[in-house]
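Should a chain be cited, it is by its letter among A, B, C and D, assigned in written order, with residues numbered from 1 in that chain.
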Amino acid sequence: MKHTVDLQKYNLRTDLTIEKLEQNKITNSKIKKSKYKDIIIETVNINANDGKIIDKKEGLYTTITFNDTTDSDNRKNLEHVLVRELKQYININRDDLVLVVGLGNILSTPDSLGPKVIDKIMVTNHLYELNICDSNYQRVAAIAPSVTGKTGIETFDQIKSIVDKIKPKLVIAIDSLAASSVSRVNKTIQITNTGINPGSGIGNFRKEISYETIKIPVIAIGIPTVVDATSIVFDTLNYMLKKYSFSKNNINNKKYLLTYNNINYLNKDTKIDTKDKQMLLGLVGKLSNEELKKLIYEVLSPIGYNLMVTVKEIDFIIDTFATVLGNSINKIFSS
Amino acid sequence: MKHTVDLQKYNLRTDLTIEKLEQNKITNSKIKKSKYKDIIIETVNINANDGKIIDKKEGLYTTITFNDTTDSDNRKNLEHVLVRELKQYININRDDLVLVVGLGNILSTPDSLGPKVIDKIMVTNHLYELNICDSNYQRVAAIAPSVTGKTGIETFDQIKSIVDKIKPKLVIAIDSLAASSVSRVNKTIQITNTGINPGSGIGNFRKEISYETIKIPVIAIGIPTVVDATSIVFDTLNYMLKKYSFSKNNINNKKYLLTYNNINYLNKDTKIDTKDKQMLLGLVGKLSNEELKKLIYEVLSPIGYNLMVTVKEIDFIIDTFATVLGNSINKIFSS
Amino acid sequence: MKHTVDLQKYNLRTDLTIEKLEQNKITNSKIKKSKYKDIIIETVNINANDGKIIDKKEGLYTTITFNDTTDSDNRKNLEHVLVRELKQYININRDDLVLVVGLGNILSTPDSLGPKVIDKIMVTNHLYELNICDSNYQRVAAIAPSVTGKTGIETFDQIKSIVDKIKPKLVIAIDSLAASSVSRVNKTIQITNTGINPGSGIGNFRKEISYETIKIPVIAIGIPTVVDATSIVFDTLNYMLKKYSFSKNNINNKKYLLTYNNINYLNKDTKIDTKDKQMLLGLVGKLSNEELKKLIYEVLSPIGYNLMVTVKEIDFIIDTFATVLGNSINKIFSS
Amino acid sequence: MKHTVDLQKYNLRTDLTIEKLEQNKITNSKIKKSKYKDIIIETVNINANDGKIIDKKEGLYTTITFNDTTDSDNRKNLEHVLVRELKQYININRDDLVLVVGLGNILSTPDSLGPKVIDKIMVTNHLYELNICDSNYQRVAAIAPSVTGKTGIETFDQIKSIVDKIKPKLVIAIDSLAASSVSRVNKTIQITNTGINPGSGIGNFRKEISYETIKIPVIAIGIPTVVDATSIVFDTLNYMLKKYSFSKNNINNKKYLLTYNNINYLNKDTKIDTKDKQMLLGLVGKLSNEELKKLIYEVLSPIGYNLMVTVKEIDFIIDTFATVLGNSINKIFSS
């Protein structure tokens, strides 16, 4: 799991590129959007320029957004989409070695996605070595390098040294991510060819696993499983504003009257008027988004309450994701 | 774990009596406060009148507040306090049977405290039956009845039927709780002689385990391990106000100047001026505490974001608490 | 798990009725035998007389024997057979309550079958109570009462008190068993309508869960997951004898010559000649089966080596069985 | 865990050098024997010649034999001995890096010792890198490379590549072993400076981790947690013989009469007479030890019953060993 709060300096970052694009209002025209059932797939090719603006690397990003994985049909649909989208990123021969890397800490539930996926991966590299592998199955190896705090070794160094030894043609790295918006937690899978930073946190020495550093293509698959308290508060204030503006504008619209569970203010592209903002939130309403986030962070951090939180059902959710990701990768490599 | 959000109607409740007292500004004179190292112990005897105000039962409540349990010395201190305080609640003979009940779901980390404590409890009831138990050790039995959603049986009914069968003289029930303030999560142990409600949530049929319902004294031990998003946002807005007021009042105090990590606004009994409130938060600043919580709840709930959350380190924290509670109970019954 | 070795007196028992029948050479004519793929199903109705001989209760016993469950097709076949055979034992209405009881200790792998099956069971009793259950699904509750050594309570007493409270029309009890033959370990499922004894071991006070004791039909499902060292040695000496006799008789049969992996001596109904026995094993060869077992037991027990053992792959095997049993029970109650 | 049964050819091996010495009757004069409470410590320096005889490498071997680890005093005594003995093998500076390697598969209980010890090890290498480590604590890193069947990578290759990268001055490797005698299972810790072979089994390509292969001193710590059925049967026949001989010789010794639990035949250096052997066991009694083992193996293996077995309490035993080993290693490196 990547630690998103820089200990040295103020920094509010997200692991999700789609969030960065939204925050920076990068034009939607660049995002290729499609749907499968109620799953939304957004693909975007970030160029050098946009990358600089949103502090993300150049490359391809696919964001899969879904509602629910408690239902087995929904899980099947998600697997279907995941297989299809992942295949876009993979271009290798059957006997090329693929190394699947499960980042994170198996002993910490919200951070255990990577290692739990590794438990599901069918490995064949050792069978290839012995010439006893069915050649219809991709040559696959899989490791879960744990986290630096448990091994004392930079995760990058572990992976790099194994890559140098077994020389895969492709690395697939899986990790839990941090979202900067409540709406993304456990509802999004991000795929990218730009690599990944396994989080060390301490001293912030994070070495990226990417084509640039290991000279082998890296596909990173991440699911945000935690969010910080700052984002929860920031999001809520925005929902509050949207609800207020929407209510004011529709005060005479009978359709929207009376329904307590009216959530139309979210679906609509509700505009928030500057005046409304100040009316509702006073001085706080005068802040820009960035300033507001900074204020919340500065209030919570010194007193230790900018907690990284996860939902209380995380055990079941992680198990579901591990199965979906494991099945999808096995399917791609066996068919 | 008790589900604190009533699905049928608006309701913001907390499992912690100390929070209720604070929210309702019940005079501190009734709370007996002491310290051991940096652990704070607050004991209060709620009478019928106060009980009605704070919607809590008459009886004795002890709240133990601590900072940190990662350090082994701190854990030992906490065990020391817990043993001492629990003993105040226990008045039985050595061969009286005690039934320890671990409520909650072992498969859900933040809700697994009860069952994990049960794994640590030394049971002797079966040895007493065979007359092979060292009589210096209390007669103890222990069960983890799981949750209604996993058994299909009301947890109360399970416990009641076993109580009727083995006829203990005392029941000790352990459960994870929900806090309504971030500052309480994983930092508080509540002991009470008023009983406990194992959460069913569904349809809200919760049957209380207490002296009134099972005719045997019940000591409930609870630790808040989750908090809802509403409370996080509410708390943050209050911290924001306190910081704002404090800064304004100390604008010329060189001592408080410049320090980014200044958290004095929390320690001081910072008064929040009504004008400050409206200045900083506009219309929102005009709301009473109750109204503000209600507003946040109404914004988050319909869109599914009033999440019950837990910190990402919950696995380690629960293991620590299970050890501390298990050790303490075993110590009381073996010495 | 039932402890099969009586600590007070010499006693070599098995939990499997089919083994008892084999040991006592009860005529095969009473056993109804069928096959599905390579799974063998043997059903026998033990009458009072035979029951006395083999020290088993009167009633119906179904023994399902299979080779391997590592293959997913084999698992599906086993599920198919299990569903079909279990249905023979079940005769209730859809809204009759069924209580599934998972006996054993979740913390001890070979004894964790029962609790792990419970984790898979779909429970509906609480939904029926609220009138929100799809009436196509059987009314089901499920408990894992753990073991007396962990609760201090007789397992029978726990179950009886819950049965009295919720009044099911049928109890299905699942437990790990002990086999008295290596060939049965993890290769057999026994179903019976005669009930089951959860093992307490200590002092040997085991109270049976059966129609006689709880006044409700009980179906017991057991899988042998352990075997004692005595049985391993006894079996091996017998295989040795069979191999010796077979080799002697086929010394001139070119077909059986030279093959190291010749296991025909097992498939054939190899007769062991009394003279061969004494030739090969001396004084030991003069002992009856019962005497030989007694001798091995008397050699191993005093020195603490009559270990209850399990295979080293038991973790994966238990998980497989829990899934197969859970799926089968859910299928029966949902279709 | 090392797989001890060679699939290609007949081979009965043990991971324990002390067993090999006993089997080959190497003179006791070379073994330095001491006691601490009821723990026996045997140290032997195997030279080239003896090594050839017993098929073990030249080097130092320490065997610690104990009875029981269920008692906390016994565990403390074992830790005391382990710390003292391990220190004999370690000769490094405080800031020299030590790499602790936990071999085996966390998902298979009897094979999970290595990874479970790793979970207990305090690592500091990353703190040294940042110059924030208390220099009284040894520089330590720790990895659990899992098993080839789960990673697809030769375990040796994983370790070698990490060793090349982080350049430790000492490797401590921990693994579950196979015993060839029931009396050794879970009762012995072997320490050696000769290295270790992580088991791959498949195709039998096992690359040794030792000074010869990685050019860094390797201390291997192993505990036998499994034994094969062949050894159980072989041991039992020998106990049978000893009991028979002892009984015959003491037939007139009133002291040994009548006691069912008489285990003196084990304590005494009971001689087995060749005639007794044949009398008791016929043709089987004429076989040498090696021939008898071979016979048992040839009977059991083709029919799939030369199972690798473990005791049914293995879950608790492994947890105890992991704690004892983890504590001991941490103690050595922090004091």
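Going forward, a residue touches a chain if its C-beta (ideal position, glycine included) is under 8 Å from a C-beta of that chain, and two chains touch if they have at least 3 such contacts.
All of these numbers come straight from a predicted model, not from anything done at the bench.
K.L.:
If every step must land on a chain the current one touches, say how few steps get you from chain B to chain D.
P.N.:
Minimum number of steps from chain B to chain D: 2.
K.L.:
Please state whether A-B or A-D has more C-beta contact pairs across its interface.
P.N.:
Counting C-beta pairs in contact, A-B comes out ahead.
K.L.:
Measuring from the mean C-alpha position of chain A to the mean C-alpha position of chain C, what distance in angstrom results?
P.N.:
About 47 Å separates the centre of chain A from that of chain C.
K.L.:
Can you give the whole-Å distance between the Cα centres of chain A and chain B?
P.N.:
Each chain's C-alpha centroid was found; their separation is 33 Å.
K.L.:
Can you give the whole-Å distance between the Cα centres of chain A and chain D?
P.N.:
Roughly 45 Å separates the two chain centres.
K.L.:
So which stretches of chain B touch two or more other chains?
P.N.:
Where chain B meets two or more other chains at a single residue, that happens at 107.
K.L.:
Among line, ring, star, complete and other, which one matches the pattern of chain touches?
P.N.:
Graph shape, chains as nodes and touching pairs as edges: a ring.
K.L.:
What are all the touching pairs of chains?
P.N.:
Listed by label, chains in contact pair as A-B, A-D, B-C, C-D.
K.L.:
What residues of chain D sit close enough to touch chain A in their complex?
P.N.:
107, 118-119, 123-127, 129-130, 132, 140-146, 148-154, 157-158, 160-162, 164-166, 200, 202-203, 205
K.L.:
For chain B, which residues are in contact with chain A within the complex?
P.N.:
So the residues of chain B touching chain A come out as 1, 107-111, 182-183, 185, 226, 229, 232-233, 235-237, 239-240, 243, 260-263, 266, 278-285, 295-296, 298-300, 302-303, 305, 307-316.
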